Amino acid sequence: MRVIGLLTDFGLNDNFVGVMKGVIYRINPQAKIVDLCHEIESHNIHDAAFLLKSSYPYFPEGTVFLIVVDPGVGSERKSVIVETEKYIFVAPDNGVLSFLAERDIKRIIQITNEEYFLKPVSRTFHGRDIFAPVAAHLSRGEKIEKFGTAIKKIKKLKFSEPQIKNNRLMGEVMYVDHFGNLITNINQDAFLRFIEGNKFQIVIGKAKISKISSSYQEEKKGLPTAIFGSFDNLEISLYGDDASQRLNLNKGSKIYIEKRTT
Amino acid sequence: MRVIGLLTDFGLNDNFVGVMKGVIYRINPQAKIVDLCHEIESHNIHDAAFLLKSSYPYFPEGTVFLIVVDPGVGSERKSVIVETEKYIFVAPDNGVLSFLAERDIKRIIQITNEEYFLKPVSRTFHGRDIFAPVAAHLSRGEKIEKFGTAIKKIKKLKFSEPQIKNNRLMGEVMYVDHFGNLITNINQDAFLRFIEGNKFQIVIGKAKISKISSSYQEEKKGLPTAIFGSFDNLEISLYGDDASQRLNLNKGSKIYIEKRTT
Amino acid sequence: MRVIGLLTDFGLNDNFVGVMKGVIYRINPQAKIVDLCHEIESHNIHDAAFLLKSSYPYFPEGTVFLIVVDPGVGSERKSVIVETEKYIFVAPDNGVLSFLAERDIKRIIQITNEEYFLKPVSRTFHGRDIFAPVAAHLSRGEKIEKFGTAIKKIKKLKFSEPQIKNNRLMGEVMYVDHFGNLITNINQDAFLRFIEGNKFQIVIGKAKISKISSSYQEEKKGLPTAIFGSFDNLEISLYGDDASQRLNLNKGSKIYIEKRTT
């Protein structure tokens, strides 16, 4: 028994996810399939990489992650298996695995062995015909080297990093969750290192915030709150309301931290 | 093996639900996780309580229900385990368990034993760090008293009850389902007791209905139908159409039953 | 252990699907439940039949499919079990099984044996009270003949078929997927038989396409692409965009194939 974690941009309106599960159970009836998320914005590799990063460490050792956010399906992009100390990742080589730390990666295999594919392989649904069967065989304990040939690198995307400029730490909103919370790319370490124990002001859109809260509802309803949330990054939220809508901010919106020495 | 039923307002656009499942399987690989619903309106404790009420009796004995509709996450609200004759419920103590009958409750434990928590406990995602691990350990058969100290009461919400006023039974719409059916708070008992075998008229918005149908499509398309539906409450529907949209009615809309003696 | 594949139009906003799963696990704790799709447009039997057709062959032998797209719930429509060489289907007899090939069907049973029902049987939720328990018992290996009496036929819907008219092969869009791809009713065989090796032109809305691509992104962004996709039918898509929205085409839109002999 092994867990297979699914991350796709297929949505749940069609049968794509269900069919992949059928394929998996045909190969490994003992698999435990977990839906990590299927509502990634169509073809948004950045979001997929970000959600994967903040999810996989919570899964059991040995989990096989199956990521199908694949705008290049049918083109020459590679398909890969990446093995880390604790997990196995199966994905198109398009950057969705960008957040795996170099030092954790034990092996990268380019998937080439068609023996494991569902045939005929369609031009448009490698999730069903390549990725699902490969993940299912891996979850049965098939050796990773049997699926293809070792390669040295996977594709890495650039993610915007917080920068210090004119004495301000500048970051941006990376992700907006279901509640409208704005998750920035500033993590707790970077924040603390920058403010060095000083008072500070956070500026985002028209909002100014001068403290870090310890829960969403610490502030009065309707007042913007800064908090280090479950993604370990600085989040801006409005208790009882949707911060993204109310403040008219979204992915890419800039956020500034200023030290106040008075 | 034990079923864990999940009820949250996390939606399926993020990785929140998937991560909770990862946490559960890490603790109990044998768990069977069932998604009861994740699309509860954000922070709507009433809806969660209502859906839970009309769901849990259909589950196997021993099911652990894990309810995370938790606007007060990170505040001083308690977290509880409630044991009934047949089930175990794990939830914030905010009223989501309002519909459990007093007489069915065997024990209430306030969750305090941090041994069972995922650390560090985040300020914003107790579903992942407290509720999921507690539910997973319970599903493995861990004794309920190990998680904290017994308390006497859980928080109860007030739900609006049907009333008799000016010879009319007045209720309201409690819930609108995916098909647009309007589920009221008038159950079959209350209805029958009120009409006492008389003819009657149901008035809701501009619609008047003078019979109870035995299926949605008993009336002509487009005509409003009254039926005792799967929630056991009086439902107003339009066969082949969305009653909520068409009749411009929603949660909170009033409904009146009048006896007709002629 | 047996897989139960669920296909409904219940959506995921309510507890309907979760409750059906509770009912199933109460009867067969060993079942593996797979969500095939729950976002079928309300009461759209055609879509359900189409998605089922393109899904079931990917599932393990012995899978029990439970289809609840059931506008006639509570009326006189029959409930049936259809056994094929490899699978079992449980559904209202309203046409959702139209695509099962005559020659594959071994037996049809009209479900009449109330012993297997959940009582009291509601008027509005046979998914919970009839179909889920029947599927669960079947997944435990209960003999199909125990559920009712053999009948000869199931209801078949008419699906529009491609036609040749004025030297053109005319078809239509049958389904629009989550990415906005337009899936037509012209399959690869019909297409190849019609063009007989000639050059051709595909006309749909304002778009004209004169080649079959081998991947979505073979064409420049924004140019319409014709491809034989995972449904094995001719699909029209826009790489990196939503063809349905952009071309203003939808289910029912006509598509024409013309031979070009020059």
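Each chain carries a letter (A, B and C) given by its place in the written order, and its residues are counted from 1.
In this section, a contact is a pair of C-beta atoms (placed from the backbone, for glycine too) under 8 Å apart; a residue touches a chain by one contact, two chains touch by 3 or more.
Keep in mind it's a predicted model, so treat the numbers as computed, not measured.
Trainee: Can you tell me, using the touch rule above, whether these chains form a line, ring, star, complete graph or other shape?
Mentor: complete
Trainee: If you fit chain B onto chain C using the CA atoms, what's the rotation angle, as a multiple of 5 degrees?
Mentor: When the C-alpha atoms are superposed, chain B turns by 120 degrees onto chain C.
Trainee: Between chain A and chain C, two touching copies, which fits better, same or different residues at the interface, with half of the numbers shared as the threshold?
Mentor: Different; most numbers are used by only one of chain A and chain C.
Trainee: Which integer distance in Å separates the CA centroid of chain A from that of chain C?
Mentor: 31
Trainee: Considering chain C alone, which of its residues make contact with at least two other chains?
Mentor: 12
Trainee: Given the complex with chain B, which residues does chain A contribute to the contact?
Mentor: Per the touch definition, chain A meets chain B at residues 1, 3, 5, 7, 12, 32, 34-39, 51, 54-56, 58-60, 63, 177-179, 213-218, 227-230, 235, 240, 242.
Trainee: Chain C touches which residues of chain A in the complex?
Mentor: For chain A paired with chain C, touching residues are 10-19, 21-23, 25-26, 29, 42-43, 71-75, 118, 122-125, 128-129.
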